[in-house]
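Single-structure report; data block below.
As written, the chains take the letters A, B, C, D, E and F, and residue 1 is the first residue of each chain.
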């Protein structure tokens, strides 16, 4: 019997974390800018929404794969979290059950975890908002879960339609969530900063009434694509 | 011809209400705690969301079954409502039309109704928020409804995937909605209170850094389930 | 080769705008009232939600049809917008990508556009809320778009399941979005005002405890439809 | 501690079955006719689809409530099934996992069960079609389930949005699934037969070119409702 | 009071039909080819699926707008149908109820109607398949409808996300449904035929092993877009 | 500027293929058995459905990542396909457009490709069924696509919620689709064969009337979990 098939449930203790200042830079740039800076890659399914407004965080991913309706492995994951981490939870089949609530949030806060992204449900949202502990989830649901089935921590998971590995940079704000692979975090931050700078100038020009079709020089493209200007509808 | 088949539309006047202090206790415990206390039963579909934040209510259910796109029976239901009741509305086919708006909310408030749960749509949400009248609904929709088709009041309905009978305790807050059958309301309140007490101690331990895997004694279970700890990903 | 088939991408410059005072009246009446006043027509899919609370606007529609994942034509549309217009964007296939963000909002604001309705996604929502620029969209998504494919401006589009032509009156608030054809804008405003007046009296009667079944004289209808009143469930 | 709260998982052995000839009559009438005959009640969510074409069955319901991703209780249910029963399976949270496959179908066939209705997933559909064992399900999914969590057999469940109790008559064919409460099965069969007879005559008249507006005498209704006939669009 | 607002329900008797040979040509070309030939316009939501396989029809649209859960106006529409027409049905709010069944299909067949497209549900699908009467619908549902609410016939409707006017050419097959405005039917047929001819040659070249990147001369485009060929993953 | 960020679009020519006899073995075992044999991993979203019945294939994955509404990269992928490969297509944002049709299927067949799995739409399904070319897709849609935007071939993609790398074994049949990482293909085949053997014996026992609760020895588990047998509902 093949060992790889049998030993499918592991908790991996070591996470290749992203430097705190890089995470701070990515959080400051925000999800939409980071997504552009990485060549429009890594955005999670927009169905994963924040339960609060105004939060903007970035952390090194600690990933958790759970059986649906079962949050046992989230409890196992807390131990391997370090300050600055962000917990990423998915289930092996789709589920909206409330896998994280106030007690887990207290425990995660005590470890310095900066937030949670769940491809599943969250509960105790009034308490979480009061605590200021940010969560992005597919659903808000009072349905609690059992602690009965095995799973894994810090193996690569698919969450919100994106592959996420332990140690990837995950950025989350009001626009949603984006993942940047650990190996690209630095270069994406540089690209994000360049992008932010160029946007400052653009912002002023557009506010002054300049048109995007002129600023981005889109008129030749429109013409080439066969877009015709007419005074009245044909 | 069988009478049960013919007389399908009834308004039942009497509702076996839950005692006010029990309802107050359930509202205070909150939806997620009540759901756990009843053995993880009774949570409505998380697609039914509050239109406001911070409301936390419980009431005896007055149930309404409507034709889609028609709120005639909600008008019929108002008369049988008493202070402390919570209106539960469903349609015989899925609908997102706005079946309850400001005028009905004023009328329900005048009867002492504490809120509405709709497996359908709500409208006039700005006015309802200003009034402080809480609503949980599947959709917000400006589409008003006609008053043309028969239905029933206080017959058992399925709302948000749960069976609800007249007089059941319905609890609703930011986490969603849960129903507790009338016969179990007292015992579920006792179980909820026991649960809340035990959580106070847990909260302090977790805030102090104790791990859930230790507090809940999950390590033997993880081991038995074959979860293996490793330093590096395999 | 047929010209109608070939020249499918046009930007129509002229828009038959609705008078500013009519738009102001429709905005003041609100979406749900306007929908009723127009014979319960024109409400867009409730899946198009506001990203803010409390906004209530009306504008003459400037319509944009885009390729999914491509916002080139929105840039082309800005030039034909005038103060008081409302931008209506749709895609030729369903898409949730963030087609409008802060830069476009700045540009649209500079033109006097009062808001955007998107049958697609929006991004930079924290910035848009801070600017007070109102948007109704199917999704919030950080996924930016390319500027590569042709489309049309001010041709009739289907947005949120409703046909919208350039110059139609579009009203949007917390209840959603409704479109009123340009030719009916005046008469619908009259009907909306009549409706608002009649509601003032109703509001007072219902607050005083009068029942809707009496006020609307629904008891004969309930009887005719065979709805039977009983004390106990059958 | 309250017993009703604690003992939540039961297997009820006795099922009040519907007579075989009544079930045969309901199956022969078909789902849509039965639904009409019962006053347009009891139709399950159309998302529950047959995996085969042409099957038309009716059985006394044996109900099963499972934890999502866990089919332990289906195994427990087989023992209480008798010839002519139809298995109705639901989960406490939404799930599409394949809870029934070839082996369970063989076992159910050996007990004389006539089919399965699942508010969840089915697998081995090629084998089930080859066996001629009919299934209606929300999804086809290869994801098998564990056997780890408790649930109940023959307690009332909500399946496809309808309440179903053990012993209710469940009818299923290409149109979907309908449930008739045990107490109404006889009267609904009578009403269904009356309906079938009246349709034979209608079929001939319509085939001969008679219009429904004449046959059902709808012209006065259309007139009363304000429907106006015009030659050209207004 | 404005007449346009009041008289909202009309049955328009005259339909500007498309010539039979044009319809035959469009049906023969098929939905996907027609969609391409019209500049990739007019495809209805893929959620509208055929209940049969192998049908390929085209007809002049007779449009029907119904209240959800009410098929009264379909009965009114039959009278204005002529041989070669195709019935297009939509509801003012989303609905999956079975609005067309065997009896209506018999009646429509007697009028020479070639099929039905429903942005709603269909029932009696076994009987419809046996009759060979083709239907495309959003759902199969046994839930029948009432005949109580007004609507319109042959006014422009939105069906499956596309605007359809009476007399437009509607083509439907296993790929779904496409609408071609009446004014473009001839030119689209010409374009479809040209397309079919060009595909015959392409089919042979591709079957012979020629690559699409060569046949369509895509290599320069790939190069210009920055697509790089490598032997191993980076 | 970082090269990893800039060069985001690549076509990787080399694919680490799975041996033909292993693929044949996996196809023969079928999707549901393979899923179990790999520890219940790798099943794609059940929303990806076959357009035909009875097909059962396995191939080495050639992966394609496309812009929504654009199939340029599928054309680029054909060249790197070899006999026995299976094409896996995804889009960077959700799309149901028909990205593969008859012409591409002819071209892929000419290369020996055994089938296509699309997290998007397919068209020309009548022709594909006639050719016997199997496809699994999220939608059937006549909406064709443009050839304008870059993407990648043989980079890791997420398709139907699962990570798939070039050279992974993909198995597809009437139950859906499962992916097995290249490194586990051999061991999973062994486990699948062991499973098939054990099922033969179980099949006979269950057909003979033995109960699953006895055969799997589930009675002690049910007892331990607190499941109580009663004669009547409590």
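We take it that a contact is a pair of C-beta atoms (placed from the backbone, for glycine too) under 8 Å apart; a residue touches a chain by one contact, two chains touch by 3 or more.
In this text the structure is predicted, and so the values were computed from the model without any measurement.
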Chains in simultaneous contact with chain B and chain F: A, C, D, E
Chain-contact steps, minimal, separating chain E from chain A: 2
Interface copy of D-E among C-E, C-F or E-F, judged by whether over half of the contact pairs recur: E-F
Chain pair with the higher count of C-beta pairs in contact (B-E, C-E): C-E
Chain D-chain F separation of Cα centroids, rounded to whole Å: 31
Chain C and chain D, separation of their C-alpha mean positions in angstrom: 40
Junction residues of chain B, two or more chains touched: 4, 40, 92, 96, 143, 148-149
Pairs of chains found to touch, sorted by chain label: A-B, A-C, A-D, A-F, B-C, B-D, B-E, C-E, C-F, D-E, D-F, E-F
Chain A contact footprint on chain B (complex, rising order): 30-32, 34-36, 40, 43, 46, 49, 53-54, 56, 173-176, 178, 199, 202-203, 206-209, 211-213, 216, 218, 221-222, 225-234
Complex contact set, residues of chain C against chain A: 4, 7, 9-14, 72-73, 75-76, 78-79, 96, 98, 101-104, 106-107, 109-111, 121, 123-126, 129, 139-144, 147-152, 154-155, 166
Interfacial residue positions of chain E with respect to chain C in the complex: 1-2, 4-6, 8, 37-41, 92, 156, 158, 161-163, 183-184, 186-188, 190-191
Complex contact set, residues of chain C against chain F: 67-69, 92-97, 143, 146, 148-149
